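Multiple structures are listed underneath, in structure tokens.
One chain, chain A, appears in both complexes that follow, with chain B as partner in the first and chain C in the second.
Up next, the complex of A and B:
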């Protein structure tokens, strides 16, 4: 890369007082900025971005937002059940995903699993799972398992599985392998050595990954209902369909309070773990 | 003291472990009570078979046409939405994050702006898209505007951390050597922040690319819209080609973004 760059943009030659000359490479800022400019220009053309529409029609936005910020508190009784469903969905999904991730992340960590082909295969599958959007998984699951919370739970488990496995194998790889070798030299087999040396080291990190993922899942679960996978999303979709933005405001307010509470709880638990 | 004596005196937290385990068990039981398993849908096995069939037999015509509903154009559109959303979001996030850093402005102003950021983060991106769609109409334009707003939340949260870590000693020494405010910003602030700003922006681009597909579901353009339509109309070969292109795109972008960010982190 650097050689190619220097070929097109000849370095500036500075002659020193002693008669020697040194080369100073040109700044890459101009090249990067011009590439960025071209990319942005193409993107503007492709997406049909038009600032005047936003300015002209922004009153539409204030109409909706002012209604959202004026929630209809009487609607709360309808929110409770889907809210609890969302928590249950993300809790069960998180637990299933976190448990499933343990064996796969051990298979995907290069310091435990010395078998290269299996390692690469497991990692490849994990990154494919991570690259599929949750909403797509949920919409397929809703087609297979009927509409409802079960499909949402499946989608969240798969999503959690992908993320926790990646975080877990990355933390397993940074472990100090000294105790592992010491236990092996005492005559432990691989499993005993792993149980005795790696598990105590990695367990707090694992729990904190799980909690972090649970936090994310609450947010994710709230929109899964949009494709029929149960929870708050069903309500959000319905309220928008009815153009009842005051009701929507109440749904979002309850979601906000829930997320805030769970974030606090989880950061308290994580500080205990750390 | 022998090893066995030490082993007998190891910390025993049997009670603690059993309490934690029983709490987890109770949570599992409680959450299962809310999940209604209605069995596999009448056409469920057909759907599952169709997905597998579609991914193994992607519609190759769709993969290589240059028309506006073919895969290459939709991928281009998705990337364009993510690029513009990220850049606008990052630009908008700069003033917001300076205004919500406690070491730059007084704490009341900081509180107001950090609540604003929290509010932006709480409303799900799908809802933002549905609100903006009233303004812009359906299409990729809506996706760009939505992502610009949604990106502000996370980007400014990371920016604020970087700004609050600023080393003010450098500013004092620039002051001492007689620099004016502009020079202080140019030589004291920007070099400290630029690497983490760029790294955050690239990371957000990664996220926005995945999000752009999600937004497509409500009609905000990109490959997501086409993917969901083909799922609901059960044209599995189309699903296969969209899905495989999407996975490939995300994997490639993730690879390059990780590489770039590692380079930035090492300097």
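Up next, the complex of A and C:
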């Protein structure tokens, strides 16, 4: 790239009094800025972006927002059950996914698994799982296991499994393999050496990944109801359908408080992991 | 007894690690291997417990041809050979006693390994090993809170806990300060004398090698250029081992002082 650039924009040659010279490459700022401008322009055209609509309809936004920010507190009694469902879904889903990820991430770590075909196969499967959006998994699960929280739990397990496996095998690959070598040197097989030396090293990181995933899942679980997988999403969908923005405000407020609490709890727990 | 018969090692990338090594080490000897970095010291000791394979010739330990061992046999064979590393290779996040206990793992059923359940006897044995190297009081401290010298003694205790008849030490004092290096070498010497364990040690500090070992083996480009008593090591020998490179003053003092 640099060579090509220098061919079109000849570097400036600075010659000192001594006769020695040095080449100063031309600045790339103008080139980059013009490319950026062209790309932005094309995107505006393609997406049909229209500023006048934004200005004309913006008052509608304030109407809706003002209702949302004026929640109907009496509606809270209807929120409790779906809220608890959401927590149950994400908690159970996270636990299943995290447990399931352990054997697969070991198989996906190049420093432990020396069998290339298996390694590549496991990684391929993991990346497929990760590439499917949670909502798609949830809607398929809802088709198979009927509407409701069970489908949501399955969707979250699969999603968590994909993410935690990836994070875990990357942590395993950056481990200090010295202790592993030591355990092998006094007669452990690969499994024993892994369990005795790598697990104690990676356990805190693993728990931290799990907690982080649980945080994400609370948010993910709250919209899964959109595709019929239970939880708060059902309520959100319904309130928007009824144009009951005060009720919607109450749902969102509860969700906000819940996420805040779980985040605090999770980051407290993670700070306790050495 | 460890025997090398015309043993050689060529790495897959063509680098020659060892050439035609013939060598006999009796039970209970304290051998120091000296030589420049890359001369083949590590390769030599790692062929003893098959962390590296010799590609030609034979390595025979207590009558067993090491190169013929496979899987379970190899692991069983390794039980009686301890290994000490330059970087200690401890699980720094775990407590000292848990590190020592790892050397019991190979003999444990899988379910006890899985949940890390060690018996009372195993724990007492581990504590005894720690007592032998003088850091019993640190047993329940986390390893990363110890100094380098203390960590190397934990590694030594871990090795003693497996009851080895041979200890291989790969640059055990290279990352320690001079005082701690002396302390750790003292431990080695004591273990060698009291328990009649063969000790083979790779070492850069010629002064320490001459002070503690009974026998010195000099290696240069994968070949043995000196093998004899440590008292007989003189300037000519060092010149031969270190290819005529200047040997630091401190070493000369030890040799001639």
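Methods note: the second predicted complex is superposed on the first by the 274 of 274 C-alpha atoms of A that agree within 3 Å, B and C clash if a C-alpha of one lies under 4 Å from a C-alpha of the other, contacts with A are read in each partner's own complex, and residues count from 1 in each chain.
Note that contacts are C-beta pairs under 8 Å (C-beta built on N, C-alpha and C of every residue); 3 or more make two chains touch, one makes a residue touch a chain.
Predicted model, so just to flag it, every value in this text is computed and none were measured.
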Using the overlay on chain A, decide if chain B and chain C clash or can fit next to each other. clash
Using the touch criterion from the header, give the chain among chain B and chain C with more contacted residues in chain A. B
Under the stated touch criterion, which partner chain does A:84 make contact with: chain B (first), chain C (second), both, or neither? first
Is A:38 contacted by the first partner chain B, the second partner chain C, both or neither? neither
Once the shared chain is lined up, is A:256 touching chain B (first), chain C (second), both, or neither of them? first
Go through the superposed model and pick first if A:189 touches only chain B, second if only chain C, both, or neither. second
In the overlaid three-chain picture, which partner chain does A:14 touch, first (chain B) or second (chain C), both, or neither? neither
After the superposition on A, what does A:128 contact: first (chain B), second (chain C), both or neither? first
Given the complex, residues on chain C that touch chain A span 49, 51, 75-79, 81-83, 85, 87-91, 93-94, 98, 102-103, 105-106, 110, 113-114, 155, 158-159, 162, 164
Residues of chain B defined as touching chain A within the complex: 24, 27-28, 30-41, 43-45, 47-48, 51, 76-77, 79-81, 83-84, 87, 122-127, 130-132, 134-136, 139-141, 143-145, 210, 213-214, 217-218, 221, 224, 227-228, 231-232, 243, 246-247, 250-251, 254
Of all residues in chain A, which touch chain B in the complex? 39-40, 42-44, 46-50, 53-54, 57-58, 60-61, 64-65, 68, 84-85, 87-89, 91-92, 95, 127-128, 131-136, 139-140, 143-146, 148-150, 153, 219, 222-223, 226-227, 233, 236, 240, 248, 252, 255-256, 259
Complex contact set, residues of chain A against chain C: 178-179, 181-189, 191-192, 195-197, 200-201, 204, 274
